[in-house]
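Labels run A, B, C and D following the written order; every chain starts at residue 1.
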Amino acid sequence: MNPAPPRRFNLKYLPLAATVSLFVAMATLGSAMYTGFFSAQVFLNLLIDNAFLIVVAVGMTFVILSGGIDLSVGSVVALTTMVCASLVEHRGWSMGTVIPLVLAMGTAFGAFMGFLIERFRLQPFIVTLAGMFLARGLCYLISIDSISIGNETFAAVSQMRIPLWADASLSVGAAIALAVLLAAIFIAHCTGFGRAVYAIGGSEQSAVLMGLPVRGTLIGVYTLSGFCSALAGVIFTFYMLSGYGLHAVGLELDAIAAVVIGGTLLTGGVGYVAGTLFGVLMLGIIQTLIAFDGTLSSWWTRIVVGLLLLAFCLLQRLLTQRAPKA
Amino acid sequence: QKKIVLGFSQVGAESEWRTANTESIKSAAKDAGIELKFSDAQQKQENQIKAIRAFIAQKVDVIAFSPVVASGWDTVLKEAKAAKIPVVLTDRAVDSKDTSLYVTFMGSDFTEEGRKAGRWLVEKMKDTKGDVNIVELQGTVGSAPAIDRKKGFEEVIKADPRFKIIRSQTGDFTRAKGKEVMEAFLKAEGKKINVLYAHNDDMAIGAIQAIEEAGLKPAKDITIISIDAVKGAFEAMIAGKLNVSVECSPLLGPQLMTAVKDIMAGKPVQKRIVTEEGIFPMEVAAKEFPKRKY
Amino acid sequence: MRHRLAWPLVTLFLLLAVNTAFNPSFLHIQWRDGHLYGSLIDILNRAAPLVLVSLGMTLVIATRGIDISVGATVAIAAALAAWMIGGSVAGDVSRFPMPVAILGALAIALVCGLWNGLLVAKVGMQPIIATLILMVAGRGIAQLITGGQIITIYYAPFFFLGGGYLLGLPFSLFIVGAVFAALYLAMTRTALGLFIQAVGINPGAARVAGIQSRRLIVGAYAFCGLCAGIAGLLICSNVKSADGNNAGQLLELDAILAVTLGGTALTGGRFSLVGSVIGALIIQTLTYAIYSLGVPPEINLVVKAIVVFIVMLLQSPEFRAFIGKAIRRPALHEGRP
Amino acid sequence: MTPESANPILDLSGIAKHFSGTPVLRDVKLRLHRGEIHALMGQNGAGKSTLIKVLTGVIEPDAGRMLLEGQPVWPKSPLAAQKLGISTVYQEVNLCPNLSVAENIFAGRYPRHGLAQGFRIDWATANRRAREVLARVGLDIDVERLLASYPVAVQQLVAIARAISIESKVLILDEPTSSLDDDEVRKLFEVLRRLRDDGLAIVFVTHFLNQVYAVSDRITVLRNGGWVGEWRAADLGPQALIAAMLGREIAAQSTAPAVAPAFDNSAPPLLQALGLGQARQLQPVDLQVRAGEVLGVAGLLGSGRTELARLLFGLEAPDRGVLRIDGSEVKFGSPADAIAQGLALCPEERKTDGIVAELSVRENIALALQARMGVRRFLSHAEQTALAERFVADLGIKAASVETPIGLLSGGNQQKAMVARWLATQPRLLILDEPTRGIDVAAKQEIMEQILRLARAGMAVIFISSEMSEVVRVAHRIVVLRDRRKVGELPAGSSEDAVYELIAAEHA
């Protein structure tokens, strides 16, 4: 009846645009303040140092979009590094057999939690919290000490750099993370599974009544997150060349924070995978800024991290205030 | 002449000990006229690696850090080596096979601290008869000091079958947990407990409270050994509630600055610089206390 | 009500039974030094801070929120109280009068809660991020107050709060009892309970019905902060010191776990205060069991995980139906049209 | 009873279902034939929606048999039902508010392209096809916008569009017309007739008797969960139908105009809006209403009626014009302010703005009154129960007890409880936005009477309804909106045609 008012810019991308522009603003600020900050490698390091976080957060994005949460990711990363390290070091297995094995293990772990959540209508928070305890506990059963990986293939992959231009380069882990990100964007927006995740997050009841495969999708979401955690664990193993039960402590919170900062609603159904990338980069750049500053004491570090987070979130709210009510 | 720039990545600020360590390094850098780039890793290895990468990008002159954990440093240390920045390890070692990745390691030996505690106990108990029932308060599960202090202690006491560790549980290096766990030990084992071995002073201080609340006399009914020798431990020893504390010195600052200057001047430095550390039984506590800096 | 709490209660009794089975003196309570002494008393006393924080958390969760900053608030309150009381080995003087120190700690905790509430209700941030900010910065603030040290408290009157006994019972139980009673009355004798549930279930409808949900939400976070402040006082009085880095570490997870074990859904709405208390007791009893049964520390987490899995499955009606069906497998097809 | 019952496409019999002891369906049957529109009738809570949910696999019945084209089948989920060729529009709009309109239409069966058509969702095609299906139900909207940005009526049409775009043998529509105006209903019926002629079997639930006779071929009536009978529409007159549904006789819906009582025309207005509006949502509107007056608001879908109500109630902030109460200017920051001034709004969207699903009927009815009285003046449990039970009896709310969570009530009964919530506040001005949505004949009568009784007692009422006959019956004055602009005012006693004329007039 009434033609919709003309729009120059689709308002639903506003939160994403806000996040991206704030990231750019932060980067500009850093470059202006610290020497050596404005270099390609510093920005590539954001990807290299946060590759595992990107992968974990991508999995987490799907979980949160479906209206759930996965607290087990950090522990699964630790468990993966531990299993990798102990199989390679103590059993002498090769990289080619260990990696598929741990990926399958993480995937199965996620599927198991997803099954409990879906079949017995348990709260995701508590199931994945128990999963977090379990995975971390299993690490200690393997060994309480850390295990260094001396295997040459691992070391070679770990130190391999993909040259980009001049002397800027990217690690294998970062390349994998970018690939995962692209695949996830595709899954989220161009496949039935991805759209079902959004639908369930919007209203699970409606999704059931619309005849969407809710059960499979819910289990699938946690399975995917389990897979992503295991993959992140493999990247982490390359990154650290060691297995350790205390690796990636608190990673789940970083991942959740990255997802939410990236504009995804914790209540589900709203958000973008691409936003998550910028959420991770945001957290990363806050740390880089602080490392470059180098004058903050331990407690001021925490306070400043909190303040930067606050400033970012306030600005983001301000910029997105004019978003549609819905 | 240009000021030397030292990038230092600290583990965190998880204990008094660590705070004293940070303070020592900061003030020593100031005294030595070295510009310090300080970064706190909030107990995460990832963060330390990020900080080291940031130091490399900033082209600092020397990088020093206290590794959160021994393993997993090869990649980033190779990057530092490629950027021709010398690296100094403080407080904890790394288990890299390629020792050319760092110039020197200075700091304490956790295993040796455990051994010292064990030796003191063996000495103290040499005249007593019958079993010696020990309860152990471990540090955070999986952390290097917890593993090594346990290992060193066990190494020494296992020679004598009278020594039995009847309970061992983690107290996460904190007073509150130390007290809570000790409370449970006392209820479960009652008067059987002869000795308490705590991996740090804080847990021992918490446990002392639990022992008192259970109506027992700390240091008399139960012999208490702990590690670190921080101020609180001295107070407890002076009050006659703690038998002994093994020193683990956080005052690495001056040593570190000397090493940094030597490196920059091209002088050779030792691969391993051991800090002098003592052991303080309660008898000497009152005399030593005024000399303590942390 | 009875029905909803039945399974959490069963879990609690099972845990107590396990403890008793392995440690016959577990239920033993004796009179010693003018007060009751025994494992059960320990559990109650140790659970006190967790119960308090869980009560606050219950309200926040009921409004569809979550507060992950309670641990940091505990640390801030403890640090400020310890600093205001001050430390001199003499033990009979304090920097500020004790009531001032206590009020100061409670006030700062309240401010922390209000801050969270304002970020959530007024600025419109998502609760987990709003409280993450304080969670990260809060420990820094606590350490700033303590200067990164552990402040040992020597002022004896302060120890009564978390370590004293009244009528033979730990004084902390009276504090928890008072907070619980006040909260319970506020929820059942005024319309607060109804409004909070309405806001948690359907914020839109609550707004149209004329409920001022912003105020309620700010209030819930403020109360949660206050509870954390009281918990911080209890903890720092009990261990006679304040540790900016470690006080209340991971308390937020335990509190959320307690609330969920008590049968309150994290999606907001219907809540049960009694359930949260039971949930907190379950957690503390489990912790105590791990310590007193001689579980090796490296498998602590596995044991905890397995217990949590069992507890939540027991509480799931779907799981019970599933087990029921599995047992009566042959009859399965008859009911089916 | 009817000769065609020989070869039904869908044949349900002996269906029984009870929820925690209370029987909701008892030995119910339903037979559908190809090429018929079958009306399923019954009072609120009779079990219509439950029967539909049973046959689409949402809930599992206790007993019963279902034959689809002679084969015994039993769908275990809506997905399975869809695969069997049963496509459904449920009573409450069950779509995803966070997805675009096009997605809601195609969720689960997107057009694809690439790699032999199984690879990637083809958004361009999806959007184009969505526009096509929507055009069939007479809707021309931006299909890429989020569903939540459209009002219920549009959402209802989207749900219908989704259902008819699914290739199916049986199409089930549970109260599809509850928010639609006559024009939209007409368009929908055209579509249904076409589908029927193509051989589809259609089940249609409604509370509007005229709609039943306009399209349906046959009628099945349920009463209190029991099966009453099946008739050909031609064989069952309205009186008989009502009698079958209620189990007793009442006078058919009266069409007598202006039952509204007289009121003091000279009294100063209670509420006065001068040029009240909001950019893009509502052109400035002048309006006033006096104590004891019923002001009807009429207009077509999207004409801005809901927007007007929300502005008056402070749910949205006007960006122009002033609002006066008792002659003094007021600004509402939130509904709470409006309520403090004695206003009340029974909102149109009961699912999002109305019911608090997990709370009991008692708490839901007491909620607004309690909010008005404040936190401390707490209505005791007994007072709340008394209040709730009074309205349960007055409006005939069918619930196991007042302690039943309101989410478990049938749609119509939820709506009655919402009206009860606002009547309970005894406001000075009551704004009712589509209060009779989904309510059965008997209850509608009761609500109208309540409104008039309250008006007689001095309450001012603003009455918004898509059903023009209701508006003209109760209103003292009718404000007519078109395209978010007030186009005129009509006096009491105006006919429906007069209103339509006014709406159409300026179109020319």
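FYI, a contact is a pair of C-beta atoms (placed from the backbone, for glycine too) under 8 Å apart; a residue touches a chain by one contact, two chains touch by 3 or more.
Treat the numbers as computed from the prediction; the structure is a model and nothing was measured.
Counted by C-beta pairs in contact, the busier of A-B and A-D is A-B. Centre-to-centre, using mean CA coordinates, subunit A is 34 Å away from subunit B.
Chain geometry summary: the mean Cα position of subunit A and that of subunit D are 43 Å apart. For this pair, subunit A with subunit C, the centres built from the Cα atoms lie 29 Å apart.
Rounded to whole angstrom, the centroid-to-centroid distance between subunit B and subunit D, based on C-alpha atoms, equals 71 Å. Contact of a single residue of subunit A with at least two other chains is seen at positions 140, 144, 297-299, 301-302.
Under the contact definition stated at the top, the residues of subunit C that touch 2 or more other chains are 143, 148, 298, 300. Taken residue by residue, subunit B touches two or more other chains at 12-13, 18-19, 22, 141, whereas all remaining positions touch fewer.
The complete set of chain-chain contacts reads A-B, A-C, A-D, B-C, C-D.
Here subunit C touches subunit A in the complex through residues 64, 68, 123-130, 132-134, 136-144, 148, 244, 253, 256-257, 260-261, 265-266, 298-306, 308-309, 312-313, 316-319, 322, going by the rule given at the top. Contacts from subunit D toward subunit C in the complex involve residues 61-66, 74, 313, 315, 334-336, 338-339, 345, 347, 352-359, 363, 366-368, 370-379, 421.
Across the complex, subunit A meets subunit B through its residues 34-37, 39, 41-42, 45, 48-49, 139-140, 144-148, 150, 155, 158-159, 239-242, 244-250, 284, 287-288, 290-292, 294-299, 301-302. Those residues of subunit B whose C-beta lies close enough to touch subunit A in the complex are 7, 10, 12-13, 18-19, 22, 36-40, 42-47, 49-51, 53-55, 57-59, 69-72, 74-75, 78, 95-97, 140-143, 147. Every residue of subunit A that touches subunit D in the complex is listed here, in rising order: 1-2, 4-5, 10, 12, 186, 189-192, 195-196, 198-199, 201-203, 205-213, 269-270, 324-326.
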